[in-house]
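Order as written gives the chain letters A, B and C; numbering starts at 1 within each chain.
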Amino acid sequence: MRVLTMAKAINDALDVGLEKDSHVLIMGEDVGRTGGVFRITDGLQEKYGEERVIDTPVAESGIVGVAFGLAVAGMRPVAELQFMGFSYPAFDQVINHVSRIRNRSRHRFTAPMVIRIPYGGGIGAAEHHSESAEAIYAHTPGLKVVVPSTPYDAKGLLLAAIADPDPVVFCEPIRLYRAVKEDVPEGWYEVPIGQARVEREGSDVTLLSWGAMMLETRKAADRLAEEGVASEVIDVRSLVPFDAATVVASVEKTGRAVIVHEAPRTAGFGAEIAATIAEHCLYSLEAPVRRVTGWDSVFPLKRSEHQYLPSVERIVAAAHQTLEA
Amino acid sequence: MRQRLTPSGGLQGEAPIDLQLTRRLYRAMVFARTYDRKGMALQKQGRLATYAPFEGQEAAQIGAAAALDPNDWVVATYRDAALMWAQGYPWELLFAGRTGDERGGSPPEHVPVLPPSITVGGHMVHAVGLAWAEKLQGTSRIALTSFGDGATSEGDFHEAMNFAAVFEVPCVFLCQNNGWAISLPRERQTKSATIADKAVAYGMPGVQVDGNDLFAVYEVVKEAADRARSGGGPTLVEAVTYRRGPHTTSDDPSRYRDQAEVEEWARRDPLERVRIYLAENGAWDAEWQAAIEAEAQAEIDRAIELAERMPPLGPGEILDAMFETPPPHLEAQRRELVEGLQ
Amino acid sequence: MAHEFRLPDIGEGLTEAEIVRWVVPIGGYVGMDETVVEVETDKAVVEIPSPYAGIVLHHGAAEGEVIEVGDVLVVIGEEGETWPPGAEASEPGDAQAGIPPEPASEPEPSVPPEAAEEEPAPIVGTLPQEAEVLPSRAEATERPPARVKALPVVRKLARELGVDLATVTGTGPEGRITREDVLAVADGAQPQAVPTPVPPVPQPAQRTVPAGARPEPERRPLTKLRRTIAANMSESWATVPHVTTFDEVDATRLLAMRAALARRHERKIPMEALVVKAVTPVLAAFPEFNATLEGDELVVHRRYDIGVAVDTPDGLLVAVIRNADRRSVLGLADEVTRLGSAAKERKLGVDELSGQTFTVSNIGAVGGGFGTPIVPPGTTAILSVGRAVDKPVARDGRVEIAPLLPLSLSYDHRVIDGALGRRFMAMLIENLEEPGLFLAD
């Protein structure tokens, strides 16, 4: 065991993947010689060569479309799109081709590939660099969508994604790359895609989140605990498939739910979770479900970021609202 | 523009293929035309969904496929049935796709042809990936992608050409420049004098060829395929041809183009010039023509019968090919769907 | 054989087309996939190829006329055939065989001029052919009366306790009904306008502990439902002087009829359906059994809302069949089945769990025989039906074996005296022994 940051854990997963399966390729802008804009792929080209860790032209649609062709022909490409906002030029490839080749060929052709997308705000980046568009991918049938919030999960989920027979959009919370450290085992291990993680058990209110917002959610749970409120904290971590069973069981127990995400509220994935709770747990609810989310605004630039991102205070206040109902 | 057979059947230079293969490819073009005309008729009888005819483009498609190895990847469009069939895709599955059935997109295991691309342009990049994978895996397979003149305006044309050239992947880009992208003429599609010219910008060879000339198309695509196979990287082939029919059965070309133009191109028919060539070389007679037409009709009739006899997907089967293993939410939706149908 | 070829929707959202020209006249030959007619859609003139080879027997419309998608466009058959089969060749509008039809001298102005101005069809796909007419948005909808405010979890609790939320005063924020409000009503601390009766429940067998061992007894708090049942039972037992009368019914014919119905309709016929059907005419004849005692007044109901007891995992509930007198045996069977499964899935609304005028409890379903059912509050009587058991009976001077159905009728002795009770029972027995009597209703 080594204590690793999420950045190192993802690098480790890629290393283990490249080592284990010669069909695995890393491709993307600047992933080779410089090791990626976040240094996630640092050292991998040196170790595995230019044919397996490939610096591509600046062409997101091309990266995803070429990776698609590579995958159909038997390779296991892991494509990196530098920022979520830069994944939009590749929508046509992801939505029209990657997500549906299995269905349009009735299993004859498949695209087992991973699209890694650093995402989310809180680092004072330039415009287009702080987006949280995970719901768009989750809304696209045929894709799996995962979001780790810990180094252990990041490595285990990425290896599960590499091994997965279907395309996986792997959202990496930029703010967590170096903000959390954890014991990470060496070698290959997988965290199953499709399972939420109950990070903390509690009986009063269920706090649900994923990605970087797990930081604030954990702090909010600490704050509530000081008040004597026992929160159950769930890291959703897999949006598709979504682990409804774990969420339903928790909310049936606590009767209260607060959903936290940094993506805009309207049609965010929190709405899907709230609907699932309404469908399955309505008669267990002690209070209306609350969402603490980013606003329906363009992600603000550095000086106003704090207005946008859900804060510990907002999460605690929402929990209070559910407790007072 | 490379030409080997003039519209009147005159041979320019040497024939790239012998008479036996020429007869086989002529027969294939007759099959293709029979399929295409049947497709138009079936659509007007309400038996196929929208149909996009390729009449007039038979030489470009059959000639290109003939230059490939049976293992080579083909990534083509909704107007490329002849090309796909020549590479092994069964007629009945091509029909099945047009009747509105996903199983039409599922060719047999040994057929290296992706289901036809419906969106314009995105599929060219896939061919680059497929070709690259073969290169990385050390096989001798290449990929050919077919697209129209309209697709060259798409961003993915640029990304595909650029990737292919930078990584020297064994890919042939076959543009069937048929003059029209629905209602937009080739002159309004690009300011380039030719589409083949665009290859220069990517650092790859670009060749313009008479797309209604079976010999010239075969020869040019063969050169491109050989170059790709021997490590020479990609080539752009512009096959100049003409869309004699409407864009699809829902289109009315009289709104935007002169009938005179269509008639002019009918005189450059890709089948007729091969027929004359064969006849002049004692390799064609009316009896053989009647025989292959009857054969083609029988095969196409059998194909539509097979396609129409296929029962539609059963209740809930639309959810069965989203993932290798359906996750719980899809299983739940499948139950809901099936119950709702009962 | 003649084939009809109907104008297809050729995938462009076509709804109709005008006949431009008949390429093949009636009596003429058309080959497979050869053009038979030219039609004009709102986008283009289209040559329609024939899906059959043969003689054109009929044109669906004359040149210049408009034909709808799905209408017969052309009929193709064999030489000598007519269409429709057996009809004379001289159909109105049809020309003689072999001669091209003449255009109608006065073309019918059946082409609506708007046709040309319709929405352009899409390049691919099929548009629905008839537009749904949406309701006008101008009319403002009337605001419905304010609903009861309560959290789902409180609604669920109320349903379990048989508390009608409409009768509860909310003490929470904005008048919201809280869990405590519901519990108060269930415990009787807060008066409820419409009491919800609960039928008798079999008591769990008492367990004896050997003396000397003296293990600590287990103390089980009563569930809310059980507490409500207890309160209702106590109230009824304390205020209603109960009389119970017992009898047995020869159910030979009833069971035979039930079996026959089940066979004919391939479904289960719950015993309750038959008993309810048999008892409603008796209630009509003896209205005291379909009544509520309020102070010094007997409120005689003119409706026959019969409660049936349903065993659920949470306890026994009474589900109410509204207007039972107006339902057939099959209709009652439907309702009993529906209420039973809805009760088990806890999907019954408050209005389906209260307000019965008489109650039938089928304890036969759990093997019961005779019992002393407790009259639910708000009613005057309850009938308990046990399981039919084969017993010797004297019939025409001989002993025969017959299925006997045990009946136990409890009633409020303040309202009903013994003689009335016997007469009620006698008529009920007559009905059950001769099902034809109540089926006639």
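Just so it is clear, a residue touches a chain if its C-beta (ideal position, glycine included) is under 8 Å from a C-beta of that chain, and two chains touch if they have at least 3 such contacts.
All of these numbers come straight from a predicted model, not from anything done at the bench.
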{"item": "Central chain (by mean CA position)", "value": "A"}
{"item": "Pair sharing more residue contacts (C-beta pairs) when A-C is set against A-B", "value": "A-B"}
{"item": "Subunit B-subunit C separation of Cα centroids, rounded to whole Å", "value": "57"}
{"item": "Intercentroid distance (Cα basis), subunit C paired with subunit A, Å", "value": "47"}
{"item": "Centre-of-Cα separation between subunit B and subunit A, whole angstrom", "value": "40"}
{"item": "Subunit A contact footprint on subunit C (complex, rising order)", "value": "151-153, 155-156"}
{"item": "Subunit C - residues contacting subunit B, complex", "value": "5, 8-12, 33, 43-44, 46-49, 51, 121-126"}
{"item": "Subunit A residues within the subunit B interface of the complex", "value": "25, 51, 54, 56-57, 59, 61-62, 65-75, 89, 92-93, 96-97, 101-110, 141-142, 144, 165-166, 194, 240-242, 244-245"}
{"item": "Residues of subunit B that touch subunit C when the two form their complex", "value": "37-38, 40-41, 43-50, 182, 247-252, 254"}
{"item": "Complex contact set, residues of subunit A against subunit C", "value": "255, 282-287, 325"}
